[in-house]
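Consider the two complexes below, in which chain A is the common component and chain B and chain C are the respective partners.
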Partner chain A sequence: MKNSKRKTGFIAACVTPAVVLFILFMIVPTIDVFRMSMYKWGGYTADKTFVGLDNFKKLFQSDKFYQAFQNNILLIVVVTIITFSLAIIFAAILSREKIKGQNFFRIVFYIPNILSVVVISAIFSAIYDPNQGLLNTFLALFKGGTLENPILWLGGKDIVIYSIAIAMIWQAIGYYMVMYMASMANIPESLYESAALEGAGRLKQFFSITLPLIWTNIRTTLTFFIISTINMSFLMVKAMTNGGPNGASNVFLSYMYQEAYTNSSYGYGMSIGVMVFLFSFALAAILNAVTKREEIEF
Partner chain B sequence: MKMKRVLSVALAMTMVAGLSACGGGAKETGSTKSEDGTVLKVAAVETAYGADMWKEVCAAFEKSHDGVKVDLTIDKKLEDIITPEMKSGEYPDVIMRAVGAESGLTETFVKDNNMVDLSDVLTTTVPGEDITVGDKILPGFVDNTITNPYGDGKTYLMPMFYGPCGLFYDAGLFEEKNWTVPTTWDEMWELGDKAKAEGISLFTYPTAGYFDAFFYALLHESMGSEKFTEALKYGEGIWDTPEAQTTFDIIAKLASYTESTTPANANDNDYRKNQQLILDDKALFMPNGNWVIGEMADAPRADGFKWGFTALPAVADGGERASYSFFEQVWMPKSAENQDLGKEFIAYLYTDEAAEIFAGSGAIQPIEGMTDKLDGDNKLYYSIYDDGAVAVMDAFATTDAVEGVTTRATFFDPVNSLVSGDETKEEWIEQIKKDSDALRNALK
Partner chain C sequence: MKNKKNGQKSSGQILEKVFIYVVLLLLAISVLVPVAWVFVASIKQNSEFYGSPWTIPMGIYWQNFVDAWQSANMGEYMLNSVIVTALALVLLVVIALPASYVLARFKFKIRGILNLLFMAGLFINVNYIVVPIFLMLNNGDALLRKTMGEPFFLNNLFILALVYAATALPFTIYLLTGYFKSLAKDFEEAAYVDGAGFFYTMVKIMIPMAKPSVITVILFNFLSFWNEYIISMTLLTKPELKTLPVGLMNLMAAQKSAVQYGQLYAGLVIVMLPTLILYMCVQKKLTQGMTLGGLKG
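On to the complex of A and B.
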């Protein structure tokens, strides 16, 4: 009895610091975001006006918010699907196949991850440049010389979001590829050997052995990736287009930033923050439920 | 045993204490009193004019005021430095930051009624001189919607460095081709067609944000002072008037004459590529301010390139030609601790001594006699008003914050879409009308 009480006390003492810090730096600010979303406040003065759910009402009537919402969902879907497919395929090739310069490719794929977002956006701005950019001059080759109407990768309302998606995919593939390669390396070679003896081809091996056995890893990284895409899309947009042209590339957080820090509407910005918070939570929960499979172990 | 428990609790407590010390930050509470006098906190944004002139002026102010120490914060990203401090309750006494900046710092203070009334600075005598500040400042600079944001006759923001905005072009190219600079928009379109035949576009712009000065000047040209004032207050039905339609027509037509890749580079990172189009003789005109010369000083340029600068062409033959006068503002937040000293400092900024230091770096204040002292390139830009161009200085009236609506996103950003063809003129006007309704209801 005495012993277990002492044990509880000890555990409590051990976790207190972490709990206190967590409450102080995570829970309190989060509650604060929710609280501030109900005020009309410029961000600098002491006087705030309580407006209840007014900010949310305006938010749901705002085309700009829906546009940012749409862009974000598009980025989440497109970037996630392409990044994950490519990362898994590259990882499978690099870890299962014997090709020359494996390490070289691994490094090449990983390099974008070391670069900062600002550098990446500078690289892609140069690639996308309508007159001297890599992409348009390459396309011009097929049209013989010069482009009549150069494609405005960062200037067209419909194309700009895909241009940003490409930069995000390029940046993310290497990191996830290395992660999957690590978990693929753990799969015992004997499984592949026996599968080969049974007559399973490379593709069959991939879908029946590799994929199921790294599924737990994919699941974890997927949730993680989708949440980080929300953040990453803000950084990319901020550095490359700042929401332009004419708001066509705005995402959740860039719109929130504009409202909170440049339109003197801090409270409204926080209501966007609340929506992002709820959206991310819901998305993570849905993903978790949808990707749930029986765990296979080797 | 008990000893052990006490020890573990103590250790845990030390951990908490240790960590929270990290979180608490080591910010020293800023005292406003130095050992032997008062400390005036001045925050200024560093622009193309550089930081040295501010350091010199502050030093000169310290010299003329015994026991006063000026604590100067100057940075290109001023907001990033002073905002965290302001959130923790430490405000600079004097801030130099113009409206129209992306951060909207100045606008936020205006919207929150969070500024010190500086009307009495105008009646103060300039230190060491026998003229009041108000009399020394050029007419028009302290009775516009920017300096008197609430329209109550009180001045809250004081005008600092100014510069005419207009259309920049390569004067060398015009000489070479024997073209004349258009004085009306009709001549402009004619020139546009002529240039097009030679593979040169008529127009480009750095970013859509540069349309503010352009739009105000054009609006003034086509509407005249009275309706212009009404438009700036989002007057009901004002955008349906024929004068307003003329303005929209001209901008829409100009969009069709704009270099087609402009929108792709019209962002904060790549706008110099658009400015480069002028230097490369790929486009004829761009709206800009005189800072562009410094900004593009190291850029390669076409042979025989020479900066040229003109006011906007007139809407009709013999009509008014306007040029927007961009000026920066200095102001004091309400929470400033040394308000009297701050006002003294602002008055000092208008002394000949200070003006000379500023002018040394090319920063010109709107005070009597300054333009006479100019030479070289600067003379060209500031003499634009001597040649008959009307100076326009106002901006859209101050409103309470309207969530989701900014004048930039409503009025200027759509120009990108007009050029790329993603939006029509009608859609643009529709948006302007809708947002004007919202802004009108929030007018101060």
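On to the complex of A and C.
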């Protein structure tokens, strides 16, 4: 009896700090996003007025919101497809082929992942700079060394989102490559040997052995990657363009941040937050359903 | 390939190999050149930035680092970053370890609910909820101003560290409970037979065994705390409290109006160097740790 009381006390003492912190800084703010989305509120003043779903009505009539929505979906699709296909292909090459300096490549490809997004943004701002940028001056070599009509990588409203996509791919690819290499290393060599004996080429081996066997891993990482892309696109946009030029590169979260801080309309900003939550959950659920395959063990 | 033991290679295979090397090298270059370029640019004089960015520096201009460190306050920001990161890591480990241990190895009523709650937390991104966190702390300050006369929550490095630790909890607990679950029950039973209490068993026997996982947790979270800028920018508004990445954002903005390229790139090097050095020391550990957790928020 005494022992079980002590046990309960021990459990409570160990769990309570974590639970309190987690509820205070994660659960309560999450509920707040949903609650505040139904108020008209400037944030700093006490007068909140309940407006029901008015913020959402405004949201669905806002071109800026659709612009951010569209940009975010574009980034998710482009960045995910390119990052994942390249990461998987390179991982397959590096783990299957005998490559000299394999370790060197692995170490180098992982470097972008350890850098701060602010650093990456500064580096890419230097690359994209219209007049003294690495990219335009490099391109000028092929155009006879002149810099007429430099391409405004971050200043053109149609091109800016692709420039950001490239920075995001650059940042993410190494991390996923190293991860897939780790899971491919677990595939027993004997599978490949018997496939080779039966005359299966390397491409065939990749599609019938490597890909099915790491599929579970791909599924999980895909869901997390998409959720982190919503976040990463915000970090990149905020540091690189701050949504500019004229809102052309805004994504969900940068639009939310802008509305909440610059325009001080917290209630409206939070209705965007609600959309982000719903959107990411819906996307995760859809992905989960679409990528479902029978699990294959080895 | 194992079936090519005789070493005879067709020209097609050689061509394929060459192609693979070329692609890999191109990718490696695309990573290394921009990073190396920043290091080179950081020792150039301001006047050198008007020409082609591809020129080799005329000499080593250390003044950029002195300027960045002193007049751009990167030294002060570095100290803030060190304080916040260290505090957050200590808080995280001290809070997450006992919780993970208990959640993994004890049966009690609300365990299922708590596990579910923390799992759900994996899907909540901090940046989704940064505005309500700010408002909550701001309201707390408003209340304190009325009652005690002194604000406390915003512009407080400790509170920022606490928020970092709190938002890193779900992933850390996920990782550590996974590890604790894999240990055999015998360790604790033997300790209890010897008359050891719960607390003693946890601290002296179980936690030391989790050392490799704890190191992984520290490595990953060091990188994310050190590099974080949105929460830091939102919760610390006083200029003297900025952390390194936020200070760097300022330098980037300043560079647009006044020309201080050298300082900016020196600042970039100051922010990058600690993570790069750490990476060089522990790159094996870091890339191995990924198989342990599998994913990152």
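Following the convention adopted for this analysis, the second predicted complex is superposed on the first by the 270 of 298 C-alpha atoms of A that agree within 3 Å, B and C clash if a C-alpha of one lies under 4 Å from a C-alpha of the other, contacts with A are read in each partner's own complex, and residues count from 1 in each chain.
Simple rule for what comes next: a residue touches a chain if its C-beta (ideal position, glycine included) is under 8 Å from a C-beta of that chain, and two chains touch if they have at least 3 such contacts.
Remember, it's a predicted structure, so these values are computed and weren't measured experimentally.
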| item | value |
| --- | --- |
| Overlay on chain A: chain C relative to chain B, clash or fit | clash |
| Partner chain(s) touched by A:F25 [first = chain B, second = chain C, both, neither] | both |
| First, second, both or neither for A:S125, with chain B first and chain C second | both |
| Residues of chain A touched, compared between chain B and chain C (which is higher) | C |
| Partner chain(s) touched by A:P17 [first = chain B, second = chain C, both, neither] | both |
| Partner chain(s) touched by A:L53 [first = chain B, second = chain C, both, neither] | neither |
| Which superposed partner A:F224 touches (first chain B, second chain C, both, neither) | second |
| Partner chain in contact with A:R6 - chain B first, chain C second, else both or neither | both |
| Touching partner for A:A239 - first (chain B), second (chain C), both, neither | both |
| Which of chain B and chain C A:G273 touches, first, second, both or neither | second |
| First (chain B), second (chain C), both or neither touched by A:D158 | first |
| From 109-117, 181-189 or 253-261, the chain C stretch with C-alpha clashes against chain B | 253-261 |
| Common ground on chain A, meaning residues reached by chain C in one complex and by chain B in the other | 6, 10, 13-14, 17, 21, 24-25, 43-44, 121-122, 125, 129, 239, 261 |
| Chain B partner contacts - residues on chain A that touch it in the complex | 6, 9-10, 13-14, 16-17, 20-21, 24-25, 40, 42-45, 47, 55, 58-59, 62, 64-65, 121-122, 125, 128-131, 149-150, 152-158, 239-242, 244-248, 258-259, 261-265, 268 |
| Residue numbers on chain C that touch chain A, as the complex places them | 1-3, 17, 20-21, 24, 27-28, 30-35, 37-38, 41, 49-50, 52-54, 95-96, 98-99, 101-103, 106, 108, 114, 117-118, 121, 123-125, 127-133, 135-136, 138, 162-163, 165-167, 169-170, 173, 197-199, 202, 223, 226-230, 244-246, 248-249, 252, 264, 268, 271-272, 275-276, 278-279, 283, 286-288, 290-291, 294-297 |
| Partner chain A, residues of chain B touching it in the complex | 1, 5, 8-9, 12, 15-16, 19-20, 23, 86-87, 102-104, 107-109, 111-112, 114, 207-208, 260-270, 273, 333-334, 401-406, 409, 413-414, 416-417, 420, 422-423 |
| Residues on chain A engaged by chain C in the complex (per definition of touch) | 6-8, 10-11, 13-15, 17-19, 21-22, 24-30, 32-33, 36, 43-44, 90, 93-94, 97-99, 104-112, 114-119, 121-127, 129, 132-134, 137-138, 170, 174-175, 178-179, 182-183, 189, 193, 196-197, 202, 217, 220-221, 224, 227-228, 230-231, 234-235, 238-239, 253, 256-257, 260-261, 266, 269-270, 273, 276-277, 280-281, 284 |
